[in-house]
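Read the structure below first, then the notes.
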Amino acid sequence: MAGDFVYSHRVQFYETDLMAIVHHSNYVRMCEEARVAWAHHHGLMDYQKKEAAAHFAVIEVQVKYLKPCFFGDQVEIQVQGKMSGVRIFFQYKLIAVNRGRELVALAKTSHAPLDENLKVMRPLDEMKTVFAKEGQKWTETWL
Amino acid sequence: MAGDFVYSHRVQFYETDLMAIVHHSNYVRMCEEARVAWAHHHGLMDYQKKEAAAHFAVIEVQVKYLKPCFFGDQVEIQVQGKMSGVRIFFQYKLIAVNRGRELVALAKTSHAPLDENLKVMRPLDEMKTVFAKEGQKWTETWL
Amino acid sequence: MAGDFVYSHRVQFYETDLMAIVHHSNYVRMCEEARVAWAHHHGLMDYQKKEAAAHFAVIEVQVKYLKPCFFGDQVEIQVQGKMSGVRIFFQYKLIAVNRGRELVALAKTSHAPLDENLKVMRPLDEMKTVFAKEGQKWTETWL
Amino acid sequence: MAGDFVYSHRVQFYETDLMAIVHHSNYVRMCEEARVAWAHHHGLMDYQKKEAAAHFAVIEVQVKYLKPCFFGDQVEIQVQGKMSGVRIFFQYKLIAVNRGRELVALAKTSHAPLDENLKVMRPLDEMKTVFAKEGQKWTETWL
């Protein structure tokens, strides 16, 4: 997977539930962390500009849970993104590095660029440029 | 939809994000609330028994976001459940009652009954009985 | 405590942590739920108006945990509010109704009315009126 | 503050609320992150041992909010811990590094060592050793 963007997340105590594993809703948040870091890395997420977040408004989420995640786990999240028309897609592999790099979950999200008033807008040119390049890495569908 | 189980959730301030809408991960939590209430309603969720929660361990989640949800919204969540082999399925319709009963999201989840040690177990007889009856209401797939 | 505003919260699965009890940060959220319901009950919280939330911007929080709270617990939250100058104060008693009305936590919060741009503003007249009346119930400090 | 333990937290999108600032309950979680990292750094938090978390069961939390925190902020959290009898205390300074090292909040927490069954236990010798040394840095009370 050379070239894929990788984000690292340490599982926090407050992310666990009474089964003593990470609550399933928190995988959605881990994916967001990784996606935001990806966008920031590629110059598409200026934290100071509130509208930047809207450009990646979530319209669909899917997570497949393969193995539980535990308190203190070091989770590596591989991210790939592509754009098709006015839709943006991301896919994610979540790997517990500290447990033999076990694959713990797969996920994918769909997005539509919105403006500050939650109206659909045309993707910015810089988005098109980044996704045109990054989208080429998306050669297989993980989930 | 006569006969469907309906759960009601008031959107809390802490569920919103900087777009001033409900954060997308919180729909997963709303579905859990509705599913737990469904299971409790049908005698399958004894809060005092920790293993009861494990019986509905989540193995897949999918949410489709149709319209934003806002602080104070009264969200009605319609729930249907069915069992197929050792897999349990739920589907959900989220409706903002206070905004003309607008459909805001559709979701579905898959589950495998686990025991307290996170090992797959046979579904309990009482689960089979409930799902055999309730599964008959599942005549169309929402998502 | 006749006359105190009472809010009811059912403990959700996603509010627990690996100790199998409600995570301590979620008491802060339960208090917010109760405070918002209090303000809504007294006509001070119009969910549609974003600035309404700012009028109760939190500047200090204190929670004392007396007993653990468990999944499924029915928590009754008693709320009292008062205003002193430009400061608003709330205090809370959290009681597990389903476990012999055990007192599980005490909390208090301080607030400053802010406008939409996070600037301190004068309290609205309707706030003064409500707090003048409600503040009279605050005859003892719980925490 | 030479010698203080410092933890770094990047503010995530899902930590914000509709005021476009970090929700006040999430400061409690940031403090937990910093405290766990402190305990891990000092050999007191073995993630694999569930009981390790219980040794720092929270019995009181107090947070004073001085300035808002925003999406993307790089928050530095300074932590000090001390033990007095069977009570453990931590204090925290939260500083927005990216905004001129602005002090955004102060916090303190109290803890009692519990065993796995939530019963009070004697502090372990290794805890006493660490706190005896680290407690000497606590020369002033921040909140």
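Which chain is which? They are A, B, C and D, in the order written, and residues in each are numbered from 1.
The rule we apply is simple: a residue touches a chain if its C-beta (ideal position, glycine included) is under 8 Å from a C-beta of that chain, and two chains touch if they have at least 3 such contacts.
Just so we're clear, the structure is a prediction, and the values are computed from it rather than from any experiment.
Relative to subunit A, the chain whose mean Cα position lies farthest away is C. More C-beta pairs in contact connect the chains of A-B than those of the other pair, out of B-C and A-B.
In terms of their C-alpha centroids, the spacing between subunit B and subunit C amounts to 28 Å. The distance from the centre of subunit B to the centre of subunit D, each centre being the mean of the chain's C-alpha atoms, comes to 35 Å. Look at where the CA atoms of subunit A average out and do the same for subunit B: the two points lie 24 Å apart.
Multi-chain contact residues of subunit C (touching two or more other chains): 13-14, 18, 20-21, 25, 29, 32, 50, 53, 71. If you check the complex, the residues on subunit B that touch subunit C are 12-14, 20, 29, 32-33, 36, 40, 47-48, 50, 53, 70-73. If you check the complex, the residues on subunit C that touch subunit A are 13-14, 16-18, 20-21, 23, 25, 71. Across the interface of their complex, subunit D is touched by residues 18-19, 21, 24-26, 28-29, 32, 50, 53-54, 57-65, 68, 118 of subunit C.
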